[in-house]
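The following pair of complexes shares a single chain, chain A, combined with chain B in the former and chain C in the latter.
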Partner chain A sequence: MDTTLELKGVTKRYEDFSLSDVSFSLPRGYIMGLIGPNGAGKTTLVKLILNLVRRDGGEILAFGKDVREDEIAVRSRIGFVHEAPTFYDHLSVERLASVVAPFYASWDAALFHRLARQFELPLKKVAWRLSRGTRTKLALALALAHRAELLVLDEPTSGLDPVFRRELLDHLLACIEDGRTSVLFSTHITSDLDRVADYVTFIQKGRILFSSPKDTLQERWAVGRRIRIHGAHRRCGCRAATARPVAGRHRAGVVRGRHGAFAVMPC
Partner chain B sequence: MLKLLVRDFRVVRWDLWLHAVMAIPASRHAQALFVVGVALAIVLVVAVPGLEWMFDTDRFVCSLPVSRATLVLGRYLSAFVAVALGLAVWMGSAALLSRRFAGADPNLSQWVSLDGAVAYCVILTLVVALFLPCYFRYGLGKGAAVFAVGVMALGGVLAGLRWIVRAALGNVAPDLTAVDLDAARTLARFIWIAIVAAIATGSAALSVRFHRRREF
Partner chain C sequence: MLRNLVRKDLILSRNAFLWTGLPFLLYFAIVASEPVVPLREFLILSAILCALMPVSVFGREDKFKAAALTYSLPVTRRAAVQARYALAGGCGLLGTASALILGVLWPWGHFAASDILNLGTILFTLTAVVAIAALLLPFVFRFGLFGLIWFIVGLQILGIAALLAKTVVGRDAVRPVFRSLGRMVAGLHTRLGDPAIAVVVLVALGVLAAVSMRVSVFLSERRDL
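Then we have the complex of A and B:
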């Protein structure tokens, strides 16, 4: 299978936190949800992919090229949406697009205007007057208008109301319809994964606990209908008993059981 | 790099700068006009970093398909274009004032000269060369503070050097006046330009290094 993004043994150390031996891959044309609690390392991972922070070890390949060595070639094919997107807020949406456009050889102005209409972006409005949801939509429109082959979104749905969130996820689904675009988005809202993700990567305290197709996870680790788990307990078969107390939570997390910590992903 | 220059000039709201340009003709005293011209150029140089700091766009800009080195060199290019624009506005204003207004400072015409332009460029190039590495290393807030401390330290060092040179060459100075003054001035201009160009080059290299290390 053609791989869009591949991380091999990536490490990043801070004083109080470290990402250790992060490895996973995202095939072309699929959506991967990167899930984990706050402070697990999702944003750091996204920053590493965009080369905003320097990795201490390992390899990050996008389209088969190293994101650090072939920085410009790789980034010109990546669209990004940061958590709480920032722009030159004194500029109008239209002017912002004209500032960003020259950086991308494949920028499609007509596509941007089509997306702006679709997302109901007010072209003449200055960015600081836009709501959080509209800013995220603007960031997505800017990311899509240069026909990005990989979209990297850092918690795009956090802080959005359910209607906006649903719309945004629908747009992500529409993005991959062409079969060439892949999406990696981080979230801590598990219902987002259920809706759109083909692959799920769970990160906890800087370590990848699992990275698998969503269907495989559901088939192998579903407990009843409400919870999926992964961790030490799967080997001994005692997951059902320890999983029960967390059923009904709406966020992923870690539960301590007889055999140590394990990850839970409530549906 | 031109893309970055275009970006910078699109980001700046030029209509707002017209108010600042208006301050130039208001200064009829030659030295005041020079100071206003220099201040205007400094404001122009700091404008885009200021906007980026205010709107926290570093992460956004660094996610675009541009290398960190190009980003830095683009900022230097924008700064020097801003200096050139400031020079043109200042020189134009000074020339206009000295010719058209009777109440203008009679010394004004002396400033509209090659020496005046060299002085203007030397000062601003030094400002740019000191400010941008601080900005790329620490960001605007902390960078400006480090820059201010650096300028004061540099001022102290230069004043000390001046004192030492005067003390050491005090007796030679009268002999120097005998040397062909024009030749000495031309040599001094070239030396200044060479020193400032070397400082600017070193500053750009340092800024690239600093910016590559920064994490967003």
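Then we have the complex of A and C:
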């Protein structure tokens, strides 16, 4: 299976936090949900993939190329949606697109305008006047208009209303239909994973607890059809029924919740 | 890529350049009209403003926190830094030219055209612009807008320290230091009229700009966004 993104033993150290030995891979044409509680290292990981943050060790390959050594080749095939999409705020949506477009050989202006119509983007409006949801839509339109083969989205659904959240997730599903586009999105909303993720990577305190196909997770950890993943027992509000170890030094447990669903959580 | 980056920065900063450039021109005009202001002071003030203008405009990217957007585009940080230096160079030259021309053409100005439009004076202003921008830009690339603010605060602290030193050790003890500094600046201004020295200074400015750019690239590549 073709691999779009591969991380091998990636480390990043800060004074009060570190990512340790992060490894996982995302096959071409699939959606991976990166989940974990706040402060687990999701945004750092996303920034490492885009080389916005300098890694201290390990290897990050996108399309088989190192994201640091071949950053232009790699980034021209990546579309990025930031957690709180930041733009050159005094420019209009249309002007912003005209600034970004020349950097991409594969920029499709017609596609951008089609997406703008579909997302109901006000082309003449300056970026700082856009709502949170519209900013995310604009970031997504900019990311898609150059026909990115890997979409990296950092908490794209947080703070969005349920209707647009659903729309956005449906759009991600539509993106991978061509079989060449892959999506990595971080979230702490477990229902997003239920809806679109093919793979789930769970990160906590800078360590990957597991990274597996969602179906495997469901078969292995949950009897029910739905799987709910929580970063901490408190957040779930459930009482642990069983606990099973996971390979390596990381441990995880499966609990039956009062609500009848299951939670995979660190022991 | 470099062209796209310069174009991007120009589009982003066009209004800011206008809004900072116009008051600066007005300021040059006022200073040029003051008979008590000597030529060299006018030139140094103009140079400081011409160097500060592009540097402060670049700091705006920090204000919008848009650096993450810029560096998620298919560009290297080296290219982004080079584009900024190219733009800063262009702005510095344009600003310097405007200040000098204004100094000559301003009807209430008291500088003679021959005092301003000579090789020594033009090179002296250019030297000051390049030196200040070369010192400031690495701070901006590493620390953003805060880098610029800290640099300026640092200069203020240095000034206060000089004043304190004057009070503590006495005016007479400090005077020679300032005099020798003044003589050095005046000497540079006078000698720049000599074509041989002008060539040496131009080469030195090129080296200074190149070193500053390398430092900026080094710092920028290590900056986590």
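Definition applied: the second predicted complex is superposed on the first by the 224 of 267 C-alpha atoms of A that agree within 3 Å, B and C clash if a C-alpha of one lies under 4 Å from a C-alpha of the other, contacts with A are read in each partner's own complex, and residues count from 1 in each chain.
Throughout what follows, contacts are C-beta pairs under 8 Å (C-beta built on N, C-alpha and C of every residue); 3 or more make two chains touch, one makes a residue touch a chain.
Remember, predicted model here, so these are calculated numbers, not experimental data.
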Clash-or-fit label for the pair chain B, chain C on chain A: clash
Touched partner set for A:H188, first chain B, second chain C, both or neither: neither
Contacts of A:R135 with chain B and chain C, given as first, second, both or neither: neither
Which superposed partner A:R95 touches (first chain B, second chain C, both, neither): both
Which superposed partner A:K214 touches (first chain B, second chain C, both, neither): neither
Chain A residues contacted in one complex by chain B, in the other by chain C: 47, 50, 52-54, 71-73, 75-76, 80, 82, 86-91, 95, 99-100, 102-104
Chain C residues touching chain A - in the complex, by the definition given at the top: 1, 4, 7-8, 11-12, 15, 64-66, 68-69, 71-76, 221-222, 224-225
Residue ranges of chain A touching chain B (in the complex, touch as defined): 47, 50, 52-54, 71-73, 75-76, 80, 82, 85-91, 95, 98-100, 102-104
Chain A-touching residues of chain B, taken from the complex the two chains share: 3, 6-7, 10-11, 13, 51-52, 55-57, 59-60, 62-67, 213, 215-216
In the complex, chain A residues that touch chain C: 47, 50-54, 71-73, 75-76, 78, 80, 82, 86-91, 95, 99-100, 102-104
